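Working notes for the structure below.
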């Protein structure tokens, strides 16, 4: 069995498509954003990517049939002037090992090249360790020109953030993309790091759709965000009501 | 040394055999079930599978001779109309790494294809975290038709279970089998996840033997189930007799 | 760089040599035994084995020069009738991964075959979790004939021990050796599992030298055993003098 | 994608260059030393080394552009008699796995050979578990002659240190270098092991620059050392002010 198996359902004819990656990661921000975009623009699946670098696992669908864990590629043709054809990458997992990550990113870039991709956007979350009302969207890019372009549409660039760099597919597609001469931008929504974060996904999508000149509805994401908000509020309430030991009671610790 | 070495003792001539997998896993349900079936139908070993993906380990037999850890294949010719020839896969271990799991499943499917396998059953346990009197047998399959067929003979299909999907050989043989166009079904016995579970293995075997139109005796499995029951009862008794701290004694915790 | 690099210093002409393995493991029993044997019979080093499966590490010699971690092969020609030529394998480490273990054992067997090896002895420790005055030497072998032969010279064969099988090079050389048609025996000295155990190594060597018809001195090993005995006695004394909390003091735990 | 990709910016013509390695490690001593040397002698970058053996990670520069994690090679031509041309190796990471370490060291040695390297210095830290005012510089080398040469310029050679050998690139370049017939020396600065240690890096550089007949300024390193000193002093102060439990309070422990 090959390391990575790509099965094409169709090979769409695309004009210099923009490639958007949203795989699972911090707060599942990238995955939530890319899946929402796919739903809203009715993108069409055209390929499955299976790999030994994913867990040896299947999921069971609601009807009892099964699905081997994978990554999936969708496309959408531009609908009006000022838009680009799109390829969208989503999936159940990222590669489990560093080597797997490099090999998968290399295959993704090969596919991007094959379809004549002009630019890559990778979507992710940036864990800041606390809840934020209005998540910023941090950016990083393969050239200064792209940085300037992103600043204009609302991305934040900071001398210090993201401090630990960008790990995984969202980072590698930029790093290896640059080596192969493909323009690439990473958009990272601020997120606590403790919950899946649809609000952060919405913030990322707002920057991305502006860049792509697409208008979409955010109602679904906002509904999910409300659900999460309710859960987190309850947890905070519970925490506040837990009686803590008084200092006296713990005297024996010193 | 090759990654996986298959040594055939003989190459039996089989007519569209059904392939049954029962490797170690949750509650050892699949292994117990497949080994019991092999014993009851007097299946014959025809191949050993050794691999770098298994631990570097030998077992010592009662007579002081040794056995390198492996997987083993057995076969049984159909004895009457309405039955199928069978191939049965059992073993000491599953592959240790995700890559090893994929490579081993790929080899198993190659062997299944070589013998003209018409259908695969994989057997396993589904951990529910508590003891159950009458373990259900959950199913998953590569097509809706197979799901319907399994429902008729007593398998349970649920929109939510197994919630985490199916991990390891029992999952991969379905996932990769589907890619290769082989019909495959996974039968999972409910089990606590804390003990080896012959009772769950019996439940799985009852569904499987109905599907295979085979009648076997369950006395051995039931005896093992009784032994386990005695051990778990004792543990529960012991737990109940452990004096627990009264609330007052723990006042200092708050 | 190749996975495993064997550098021969010389290629000795040996007559059906017996191959003895003593790599690091439980209680370092095998390593202590093989190194003691090499010293006592003045065996000559003839090859170095380096590998990516060992740690990326060098040792610094007393004179400030360095040594890349490795495995080493020694030989000794028979000195009188009834003895065999010997190849002895010792080293700093075993392979770090299961795959590395299999590949290294495969290379060792290739070398054994190249020199016409007639039989392999692997030496190791068997952890029993407590100190023993007179460590038994457990055996395992590739055939019933070898088991009988070993029983006659003092090896113990038990229906239940070693219960977990034999892990690492000492096991694999038997398991893979059997597949290649080489007779092989594992001798395991009982050991606590907590300390390096020269006493257990001596017990193993007494069985091995009887099998090889060699007489050697054990003074060095016995001196080392005394040092270890002194350390373990001191630890036991210390433990006995630690005042333990009285039940009353711990009343608050319940 | 290849395991290791070396991209040359230029191929400088060098005369038997001395190769200096300073990758991240204990106290970051080697990295700090090599980077300081590069800055002080205005060495020129001539190659980037990317690898699947590094983490799948990019760093974000202050201007928002990105950099795939890598190792980098610099060179500096000799400026006066008695000096050598230099190649300097620095980087973000060492290989993540033992195999990766071996493969990377092998590639580094290939490059060293390609440029006619006459000698390798590897720089690192030796963790002693406590702060030291005047860190010693321990040495290790591929020959007794090199040991003597290093002793003359201030390196310490001890029969017992470094007791655990030398792990990683600093060790492997000596171990594999010796196999390929390249003279190599490791210089290790004593360091606590708890902090990055510019003072230890300075000590290492003083020995190295004497060996290379180069004079450099240490002001930058000394400034960094002062910062670290201030932090460690504060921590010690804090620790001294933490009230510890009195013996009485802990009476219940025994």
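Going in written order, the chains are labelled A, B, C and D, and every chain counts its residues from 1.
Methods note: contacts are C-beta pairs under 8 Å (C-beta built on N, C-alpha and C of every residue); 3 or more make two chains touch, one makes a residue touch a chain.
Since we're looking at a predicted model, the values are computed, not measured.
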{"item": "Chain located farthest away, centre of chain A as origin (C-alpha)", "value": "C"}
{"item": "Angular offset of chain B relative to chain C [C-alpha, multiple of 5 degrees]", "value": "90"}
{"item": "Centroid spacing, where centroids are CA-atom means, of chain C and chain D in whole angstrom", "value": "37"}
{"item": "Separation of mean Cα positions, chain C and chain A [Å, integer]", "value": "52"}
{"item": "Contacts with two or more other chains, residues of chain C listed in rising order", "value": "252"}
{"item": "Chains grouped in pairs wherever the two touch, ordered by label", "value": "A-B, A-D, B-C, C-D"}
{"item": "Contact set on chain B toward chain A in their complex", "value": "95, 98-99, 101-103, 105-106, 139-144, 147, 150, 157, 159, 161-162, 165-169, 171-172, 174-176, 178-179, 186, 251-254"}
{"item": "Residue ranges of chain A touching chain B (in the complex, touch as defined)", "value": "1, 5, 7, 50, 52-60, 62-69, 96, 243-246, 249-250, 252"}
